[in-house]
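Chain IDs A, B, C and D follow the sequence of writing; residue 1 opens each chain.
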């Protein structure tokens, strides 16, 4: 993500039904526009093609030209193409996704209020309406997107993300799994909190699993979301020791508090530009 | 492992080529001798049968009778049968197994010397002779069992274990994998140290894997050894946070020191009778 | 499952909240009643205890006495205990479980009608009502057990299984996962059909996975159901080669026909007493 | 791999210690030379960078210029860069790698002799000298590369591959695992035979595992080799049914014969240009 001085960096995502020639057409366009491709990544899952790349331009580029060119390419290739221009000094727009558990959401809103994190939070999206009142109290628009069909739900959400011009999505115990069609549009821009020290205990019921396995150290992980569930780059982890008197209930309770703190720390590292992702691994630039 | 007052508890292991009728013959003998079977576990892998059970006897039993009866059964069934009589007050005999890394061995010997752990250490067994001088300095017999064929090596080791009347085996970075034929003879009597927070990063190269995966918390695990590699009951875990300045080398160095401390703590919990294993999970009776 | 001549074999299942002393009390009772325990297996998952064992009695036993004794033990231990007396010559009662796909059900009913399999089919249970008309046409009672909560659904089903005195449960593309609480009551008495050559492609979407992976041979597996999803003992497998012209749709179509044939073959082997299960592996006594 | 008429297709591999700027420099060079990048793939493992791409050129290109340009880039970037020019009509040079089992090697040599496969086999490489006499009889140079250290062994082999100008490597029961440093240089140019229906039973001891698991259909798989052991694109599979009278020995014997036939079929499909690899999946263009 970082750029050398004087250069402009853009991040581009391309998503659509797989077809030949996409890589050639798009990389060609970037080169003819004077860009260098720094990183490039592609994937195909169940017929869906996804490409993400970063390109640098030596001089000031014409956004208009790039936008227009990519729009035409998108049309020609029947792909959805998005450009993200790096503007490190602009306040980021953060969308928070939630389900029923309030801890993480409450902690993030407090941190915003107290100034511990600096960002706009223009929208909160729920998989149901449970936490609407918290959003209301904070004066932030809340949308419950409850479609059972994941595709419909995600289309509605994509529209909201667009509408609120979102830079970062925070999954604050959002209990639905996002599809590649969604995830590939926001590479290293979706942060999730998982209630275990990943890669241990992925999937649902992490505390139950850790408890039944007899783990003596239990923790949680803030990580970027990729198409591989619970396997994206690890941003931040915290842990506690299980004591003799702990039960599954006390572990869950301690865990939920730790989740909120860990997610907040992960989001803060991101917003403070202290994170670099390289080959699927997060490098923290400076200790907290 | 613990018994109610006034009862005698024995642990029996049966290992040999799989054949029918073994369960019936042995459980029958225990019942006719007045015993109750409290736990029983059997397994077959690649034609090898293994059974472990615990039995309690309401009154003082005749060891001679039990020993004689099981010896006869062993002959009849072509199985190797071992009885272990629980004697909580006897000083335990501990064998330490090592390869090339000295940290864990040195720490255990220091702890024995300083009285932090109370046990006999009558023998040290190496997969090569690298650490012989440490054993020599401590005045403990050292055997390098270097056979390339695991079967031959284990037979030699089993003989030593017998000779020194060993109660507990401590794998202090012993880099060979023990077969079911060995492990089934010492259920919950072999403690290993693994350089990760299991179940994360099992197998070799745990630090490399954790480093490449970008784990932010790294640790190690003292655990009982079962036939499933790195999956036995977890006794004790310790961890540290990875900092921005850490490299693979500094992580390994921190890790190796932590291994020695964690293994020592696990062994101590065992020797102080603070551990109960129940359905593959360790319950620590009292915090340290 | 097989007995030597003149002996009586019983299969006993014990299920309930985990507590100490169960193994001792029950094995003790069997021994005092003159039985030998041939195989015994126990497990604990999420606090639920399950034990299955087979016992032989040298002479004719009094069913009344065994039943009464176990009933009293069940009460004392707060466990549910079921005995199954082996009666190889009695026509078995088979319950078929279905969801929406008709192929397997239709094939089983045809085979029953034509005499290819010999059994009673006194009840069909659906996760919804989709296939009710097929049951109606065959004159077999159909129950749609649609509870969302798996526990409620299973309790209702357990009651039906009891009421119809079922010996064998056939999952004919039943799309719900049975819990240990259910499965442990019917060891080696639940046959499932899975649309892959297990252990390849477990879980949902097996054809999609096989197709995307580029498998050149695709098949299906009739297997006994255990608490480990899609990992129970394999009874029978069939396969076909993927040809150049195959699409995901043609593969699914071929697969669904093969499922019906394979499940039928697996059920037939069971009903004809040609199967022995030993340490989690099915031995077929005689080729078909 | 296939090209549209009139176009020239090149395949390029880049391997070396990971450093920034490689992607930009190399893709830039291709574009400036008039090429289009059709597919591109990169990976980093343990600090090693690997990139493979295919580029098409609308007109006849100057090999000299491309070769010279890439050589200079290789120097500048401290990377090893190889170009492979597609020449579908040239007879391919095939190297066969072996260990101790002769079946696959013998079958391939017979097929070459009888004309069933059309290729040069200029060299056979063994992990030891066991099969040297077979190579001698066929008049083909045999090299035993026995270095214990995999890095040394692979460097020696890479040199032989270069010397004999090899297009395709066939692992005919070669029992050593190739590192990414080797594999990344020959994308979709190394064919292995694995003794199971992958993805079932990867790793060593596939027959033992299948037998112990009670698989009723057993087979083998010819597949391309990638850095993920036994997970590369599947080219061809064959299978047989396990019968009641089969033992582990008869299964191994049947399996070994099937391995030779399956590997031959896979190699033949490759040499006859009937294979296209797309997103890690092999498409066979025409049934055999």
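Definition applied: contacts are C-beta pairs under 8 Å (C-beta built on N, C-alpha and C of every residue); 3 or more make two chains touch, one makes a residue touch a chain.
Because the structure is a prediction, the values reported are computed rather than measured.
Engineer: Chains in contact with subunit A and with subunit D: which ones?
Structural biologist: Joint contacts, listed by label: B, C.
Engineer: On the document's contact criterion, could you list the chains that touch subunit B and likewise touch subunit C?
Structural biologist: In this structure, the chains that contact subunit C and also subunit B are A, D.
Engineer: Please state whether the interface between subunit A and subunit B is built from the same residues or different ones, using more than half shared residue numbers as the mark of same.
Structural biologist: Interface between subunit A and subunit B is built from largely the same residues.
Engineer: Per the centroid of Cα atoms for each chain, what is the distance between subunit C and subunit D, given in Å?
Structural biologist: That pair's centroid distance is 44 Å.
Engineer: Among all residues of subunit D, which ones touch two or more of the remaining chains?
Structural biologist: Each of 212 in subunit D touches at least two other chains.
Engineer: Chain contact topology under the given definition, line, ring, star, complete or other?
Structural biologist: Topology of touching chains reads as complete, every chain touching all others.
Engineer: Please give the residue numbers of subunit D that touch subunit B in the complex, ascending.
Structural biologist: For subunit D paired with subunit B, touching residues are 45-46, 208, 212.
Engineer: Flag every residue of subunit B that touches subunit A in the complex, lowest number first.
Structural biologist: 197-201, 212-217, 219, 221, 233-239, 241, 243-245, 280-287
Engineer: Note which residues of subunit C are touching subunit B in the complex, please.
Structural biologist: 18, 20-21, 23-24, 27-28, 31, 36-42, 44, 56, 279
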